[in-house]
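There are two complexes below, and they share subunit A, which is joined by subunit B in the first and by subunit C in the second.
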Partner chain A sequence: MIEPGDLGYVVPELIVLGTALTLLLWAAITRGDRRWMSVSIALAGNGSAALMLFMRTPADGAAVELFAGQLVVDGYSTFFRTLFLLLASLAIVFGAQRFPSAPLIDFAALLQFSLLGMMLLVGAADWATAFIAIETMAIPVYVLVGLTRFRRASLEAAMKYFALGAFASAVLVYGIAWSYGLTGTTSLAETADGIASRGDEPWSLFALGLILVALGFKVAAVPFHAWTPDAYQGAPTPAAAFVSVGPKVAAMALLARVVTLAFEPLAANITVALAVIAAATMILGNLAAIAQSDVKRMLGYSSIAHTGYMLVGVAAVSQTDAGADFVGVPSVLFYGFVYALMTFGAFAVAYVVEAQTDSNDLSAFRGLARRSMLPAAAMAVFMLSLTGVPPLSGFLGKLYILQSAVDAGLGWLAVTLVVTSVVSAFYYLRVVVLMFMEDEDAPAAASAAADAPAASGAVADAHSAVVAVTAGATVAFGIVGGGLLAWAQAAVASSLL
Partner chain B sequence: MPSWVAVVLLFALAFLFAVGSLVGTMALKPRRKYRAKVTAYESGMEPIGDARGRHSIRFYLVAVTFLIFDVELLFFYPWALYFNMIDDRVSLFGVGAVFLAILATAFVYEWRKGALDWNR
Partner chain C sequence: MPDNIETHLAFWYLAAASVAASLLMVSVRNPVHSAISLVVVIFHVAGFFAILGSGFLAVAQIAIYAGAIVVLFLFTLMMLDLRHLPEERVTHRQLWLGIPLALLLAVEAVVIGAGTPEVRESIKGAFPPATVSELGGSAEALAVALFNDYTLPFLGASVMLTAATVGAIVLARRIEEHERADFPRQRAQTSAANGADSAAQAEQAAQAAQESPR
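Take a look at the complex of A and B:
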């Protein structure tokens, strides 16, 4: 039975839904330039949602089950919901730079709907909620990728992403059906009891396998990654920035909750499956990124590689007398947070270059430091952090994941992570070298500068703020990352896991 | 006898019945074709043109409009059924009103964007 008090815990979600609907109505009713209004509505909504999120978090930090066990409010979901509210706010400011008035308001509304799905997904305690939330998150994102609908590449990317995403959803439903058939429940916590009572039988593994395949598509793990580079390259850059961090981290959060909660009795099998997938993802993602000449494609393969790093954390399970202990999950939360900020920032700088030269080719970065110092410096921070160079946050993230992999006895996986990170230095540092140590091709730059769309001052300042916030956070969490890690650990400790 | 044998038998019978009726009619049926018999049945209308013609994209918008009202109907049936069984009717009415407002937003959006404007 639904208690009326349950609604009080989902006020942040209700505010996000309200802003999405307001934006849609605003788009339908008004005419003229609505850029300021779209950005203001979305930012005000996300700001007040974040405020309510912290006011409504249970004082003792304990998990609260809502709506007859459909949804749970715990530290785990609050950690991710904070990140998603931040990312969506950054994305809307980024979008204001890229889109004129009419698409921008649709962009904002779709972003809010996807944000709502992500916020519900990380709190899902039941397969029914999880599935509806994952679709609420994914369907607006397909539209975001195809938002520049007069560009063939954008449409093609949206079509590919949609077709594979729909396929993955079908596989997920099939897996959920198997899980329900085996255990007689859709609740994640009760599924664990059902699975435990059936032991290690092949049908349980089949259900787990289907669900891993489906979530593998959503987080872009090898061999289910093929849509990623095409979708990022074709999507308008703000959409690519959001897609590469938001839905991916949300699906990773669900994956961690599913393997640690619903399929916890199969922890030994999960470790093997995820470790193999993680190794393949790190190797293929990093090797394929070397060959890319388009910066958005390169970031696409780079995001695949980082999926691999996060999967190492999920796979890190140490067997204790009390049962399986998922020691790596806090490091996955930490990595998801810092990965999201640095990758988002890298896309934001890629857009600065795109606006200057109308190109996403790596050669457009040549001599960027001379043209515009601040974006170049920020990009250097993102690239070094993605490589994992101390003292930046990417280094700490990798360190925590390595620690948990070693604690769980996955030494070979830790070695794979280090070796592939060294390989990744080649393509990340190449961007830094191009920006700082080479001169631009003079004629091309001159003509491009004349054609560059003149962004109005305030919007350009806002975009610089996006770059500055992500770069600042990337540096700050590298120096004082302990606080974020403590928050991640507390979040996992107070969760339903 | 294991309990699943009955299910396997059912599958086998269903398969045999399907294949048997197809093969049986092929072997036994008289072959007398005339125009009215071989044309496609379209609810009594005279068939026009090729069945693989292209449809206007506007039908898609009609389908979306249909979906809005269909979902509305689907969810209001249980809501209406429960209305008399629950004491706190004010909040139940509130829930229904919120749901209706969300659907109305979708409808207003579609309408103002010109989706109902057929001759555009």
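Take a look at the complex of A and C:
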């Protein structure tokens, strides 16, 4: 039943849906170059959605359940919805650099559909909504990966991502069916009561295991990560940038809600499972990244490693006793936010190099500082922040995660995180060294010089703005990260968790 | 299931016919005949739902499985060249996965059919038979669930399907030459190949490429 009052809280989602449909209609009725108009429509929609998000927050900061308990509007969902609106807006500006008119409208419309799915997913309070939202998020993303459909690599990446994603969805539904069979409810909150009354019998653990496997696919945790490097490498760069941050962080948000709400009675088992997965993910992601020579592939493995870091936070969450204030959740929120911005920025700089040299190879970064100083400086910020060097935001993110892991008594996991971060310095700093301390190859320099007019045209001011915003935020949240953490803590305090 | 002679006759007919049709489906050589046997199975399974009092499920079964899924199979078969079927019988490796799964299903059917009190206890949900008959039937119960408790996912599903349709159209649309040419890397290559870097010349090159196959 839709209560008229409920609709007031989902105005941001309705605006995002309206934007997607407007873009499609616009594409049908106009001709010619529509790039700036589609960017304007999408940005205006996302901007007003963000405005409505803050104008219509629940009174007294409490969680409000809508649509017969299907959706919840709380600080937690508002935190993530803000991040997703920002990421989708950046991705559309990024896409305008990369795509000509017609594919850009497809890109923007599919991006808005995916954004809608992510916004619903972080507010899902029922398995039915969670499943529909996760599919609304994922299906457009498969298409985004294959958007440059005249390239074999792109289609292959889309096909792999789609096949594994569909398989993961099937496993998720199977897990949900088990959970429903055991508890007789699809509501996340009521599932917890049902699970608590059954204790940790094997069937509950089986249901939990299926759901963890499925969400492990969505966040790209080892051993369910195999699709990630292929998908990022084959996807057009703006799509790779969005896929590596948006759907991953949204799935992580659902995972944190599931372990703190629906399967909270099994917290001890969840911690063991997630701690092992997190350790494997950090180790394998970082080691495999060292061997990569393609920058998008390297960022793919790097994103797997960062999934591991976030999973440490989630494992620490479930270790906390019920009734305590979930120390780990705000650290996961913080990490998700800063991870998204720095990884997105790294892909944006990778595109600058791609437009200049027609290559995604790491060697193309050689001497970038001489060619274009600002992207090189921004890339240095992203790489150092991803490594976790103070005073950048990636350092604070890791610090908070470490703190919650130690508080939860997961010392060995904290040690693994530190050691793998040191390993990660090897491949992140290699990019910095290439950019600043080495001269470019003669052929690369020649081709860069030949392409100079095209390159300067290809990387316009709007794209520099994307790089600048993400780099600025990465620096700023490192210096004044306390403010973002305070927001994350307030968001968690007023949430259905 | 009403306990009268007509229902029993219908049940045994449906049971025999659906088992026979499924055996036919996996044993005939021509895939089109296989698909048609599958339609027969689906209609008979719908019959089971009907005599169990789930009229809506029976209609949905026919509309979705017989109407949509089998048609999809037939479309796929149309794209294959079926004139040259292999002579020898193919025994593939899925058989060894299929046999244990079939046995598992058989055990499951026996356990549920035997209906121990424990099993009956564990099969619960929002709509036990008493509630369903109170609401006036299975279609009504489904409507109550769909339009009261699950309105949001129901509406969300339509958005998801719209997104999926848009995505399918985007992927399947004809690739136009200017799309390739406008792609920066391609543009750079075209300009390098022609020794020209002005956009106008690249466009001409793209047009020439478009016209050449005709």
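Basically, the second predicted complex is superposed on the first by the 476 of 497 C-alpha atoms of A that agree within 3 Å, B and C clash if a C-alpha of one lies under 4 Å from a C-alpha of the other, contacts with A are read in each partner's own complex, and residues count from 1 in each chain.
The rule is short, and it goes like this: contacts are C-beta pairs under 8 Å (C-beta built on N, C-alpha and C of every residue); 3 or more make two chains touch, one makes a residue touch a chain.
Owing to the predicted nature of the structure, the values given are computational and were not obtained by experimental measurement.
Asks: In the superposed model on subunit A, is it clash or fit for subunit B and subunit C?
Replies: Clash - subunit B and subunit C, as placed by superposing on subunit A, overlap.
Asks: For A:A102, using the defined touch cut-off, is the partner it touches subunit B, subunit C, both, or neither? Pick first, second, both or neither.
Replies: In the superposed model, A:A102 contacts subunit C only, not subunit B.
Asks: Have a look at where A:L25 lands relative to subunit B and subunit C in the superposition and call it first, second, both or neither.
Replies: In the superposition, A:L25 touches subunit B alone.
Asks: Under the stated touch criterion, name the partner, subunit B or subunit C, that contacts more residues in subunit A.
Replies: C
Asks: Touching subunit B in one complex and subunit C in the other: list those residues of subunit A.
Replies: Dual-contact residues (subunit A): 17, 24.
Asks: Within the complex, which stretch of subunit A touches subunit C?
Replies: These residues of subunit A touch subunit C: 1-2, 17, 20, 24, 66-71, 98-103, 106, 109-110, 113-114, 116-117, 120, 126, 128-129, 131-133, 135-136, 139-140, 142-143, 146-150, 158, 180-182, 184-185, 354-355, 358, 447, 450-451, 453-454, 458.
Asks: Report the residues of subunit C in contact with subunit A in the complex, numbered from low to high.
Replies: Against subunit A, subunit C makes touches at 122-126, 147-153, 156-157, 159-160, 162-164, 166-168, 170-171, 175-176, 178-180, 182-185, 187-189, 191-192, 197.
Asks: For the complex, give me every residue of subunit A touching subunit B.
Replies: For subunit A paired with subunit B, touching residues are 4, 17, 21, 24-25, 27-29.
Asks: Provide the residue numbers of subunit B that touch subunit A in the complex, in ascending order.
Replies: 91, 101-102, 105-106, 108-109, 111-113
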